[in-house]
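First subunit A sits with subunit B, and in the next complex the same chain sits with subunit C.
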Partner chain A sequence: MENFRLTIKKRIYFFILLSVIMVAGIIMLAAFGRANDGFNATSGILGAVLAIALGNVITAKIALGNEAKLKEMYIKYTDERSAQITKEASTTTFRVILLGLSAATIIANFLSETVSCTLSVCLAFIFMVYIAVSSYYNRKM
Partner chain B sequence: MKNKIQELRKARKVTQQELADALSVTRQTIISLENGKYNASLTLAHKAAQFFGVTIEELFIFEGEENL
Partner chain C sequence: MEEFRKKLRMKIVLCRILAVSLLIALIVLQVLVHRGVLRGETNMGFFVGGITVLIMNIMRMKKAVKDDAALKQWYVRNTDERTIAVQQKAGNFTSLFTIFLLSIAAVAASYINETVYWTLGAAMGVYLLVYLGSLVYYNKKM
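Our next item is the complex of A and B:
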């Protein structure tokens, strides 16, 4: 359980960092953003991520101060069925994103060179990350 | 893969929640195991077998290769 306590602390630091980045992003967009006077859909998405991050920080802080809640969180966190579901969902999501992005890149090629180029770079980046992460786990396991 | 978890749990008058707590998994995992919707990992199978005081082979019935 001590190891899990450490994991939760790391998780809190991660979500605090994420919150800081989101707040900075919202402020920057509001001050210097170009679309809709700086307060556009991107700010909304950043706000939603900020709310999720803060929610996670609060939940983790409560769990750290309450042994019963910590045990409950430990079970949820380590439950192998949940982990399996997350794995399957991630794989499917990855495939759907790849398919969608590939289709969007082809379609964008006929509409805008900039958008097509951006999407191609995103696609290439996803492949590079996938190859790097796969080779990391290949060595690890 | 079939298993005798429900049978043994009921015989020992253990609730799904109690078994879940003992194995450090959620109650939903126990429900899925009992319904045959989910196959336990080796670690969980070992823990479950230890809990019921039987061998893994007695608890889980391997029926050959299965399609996921």
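Our next item is the complex of A and C:
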């Protein structure tokens, strides 16, 4: 359990660092980038990441102060069923998205070349990452 | 092993149906484009690539169904826990990495091209929805 406590502390430091970076980004964006086209998109994504990071910091801090919550968190993190569910969900998502992106690329080709190109690049990139990661795990495992 | 052979036969039938559907879709799209109903080009690469992969798979599976040694090899490859674990880990990492990079790409694209930004945003949204849906499904199933 002590090891897990240490892991949680490291997580808190990581999320605090992430929050600081996001806040700095938002401040800089508000100061210099208001006129840019992408202001709304960037500030929205930075804000979402900041909210997630702060949520994680608060949850971890509560768990560190309360033994029962820490135990609950430990069980949640080490539960094999949860890990298996996450892996299965990711693998299924990956397959569905590959099929969906292929179909969307074909359809978009008739509507907008830009959209079709964007989706094709996404698809190619996902394939490349998957092949690279597969070969990495094939060597590692 | 007989059950696995049956499964393989079923897979061959499914692959055949898929290959024929792709071929029909390609022909229909080509006809519609030539008649001027649809504007743009049919993405031949996708269809030809898909059909080729399916035909190669059908041929390999047919060989496995006929030849006992090839079937055994196919069975080992498909039920090997290491291979399954590698696929799951790779899929897991690729999913998370893709969501992360899609969001960065969407932010970058928002300064360059609005169409690309909306396309990436929509892809990210669909990705998250499918992921959440899968999580709920597997939470109930497992």
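Criterion: the second predicted complex is superposed on the first by the 94 of 141 C-alpha atoms of A that agree within 3 Å, B and C clash if a C-alpha of one lies under 4 Å from a C-alpha of the other, contacts with A are read in each partner's own complex, and residues count from 1 in each chain.
Criterion: a contact is a pair of C-beta atoms (placed from the backbone, for glycine too) under 8 Å apart; a residue touches a chain by one contact, two chains touch by 3 or more.
If you're wondering where the values come from, they're calculated on a predicted model, not measured in any experiment.
Colleague: After lining both complexes up on subunit A, report clash or fit for subunit B versus subunit C.
Modeller: In the arrangement built by aligning on subunit A, the partners subunit C and subunit B fit side by side.
Colleague: I'd like to know which partner A:T86 touches here: subunit B for first, subunit C for second, both or neither.
Modeller: A:T86 sits against subunit C, while subunit B stays out of touch.
Colleague: Decide which partner touches more residues of subunit A, taking subunit B and subunit C as the two options.
Modeller: So, of the two partners, C touches more residues of subunit A.
Colleague: Mind working out whether A:N66 is in touch with subunit B, subunit C, both or neither, as first, second, both or neither?
Modeller: neither
Colleague: Mind working out whether A:T118 is in touch with subunit B, subunit C, both or neither, as first, second, both or neither?
Modeller: Touch status of A:T118: second partner only.
Colleague: After superposition on the shared chain, which partner residues are touched by A:Y74: those of subunit B (first), subunit C (second), both, or neither?
Modeller: The first partner, subunit B, only.
Colleague: Which partner chains sit in contact with A:N138 here, subunit B, subunit C, both or neither? Use first/second/both/neither.
Modeller: second
Colleague: Could you grab the smallest C-alpha gap between subunit B and subunit C in the overlay, to the nearest Å?
Modeller: Closest C-alpha pair between subunit B and subunit C: 7 Å.
Colleague: Once the two structures are superposed, pull the subunit A residues common to the subunit B and subunit C interfaces.
Modeller: 81, 84
Colleague: Would you pull the subunit A residues touching subunit C in the complex into a rising list?
Modeller: Going through subunit A, the ones touching subunit C are 36-38, 40-42, 45, 81, 84-97, 100-102, 105-106, 109-116, 118-119, 122, 125-126, 129-130, 133-134, 137-138, 141.
Colleague: Enumerate the contact residues on subunit C facing subunit A in the complex.
Modeller: Interface residues on the subunit C side: 38-43, 46-47, 50, 82, 85-98, 101-103, 106-107, 109-111, 113-117, 119-121, 123, 126-127, 130-131, 134-135, 137-139, 142.
Colleague: Could you pull out which subunit A residues touch subunit B in their complex?
Modeller: Where subunit A meets subunit B, its residues are 74-76, 78-82, 84.
Colleague: Considering the complex alone, what residue numbers of subunit B touch subunit A?
Modeller: Of all residues in subunit B, those touching subunit A are 20-21, 24-26, 28-29, 32, 38, 40-41, 43-44.
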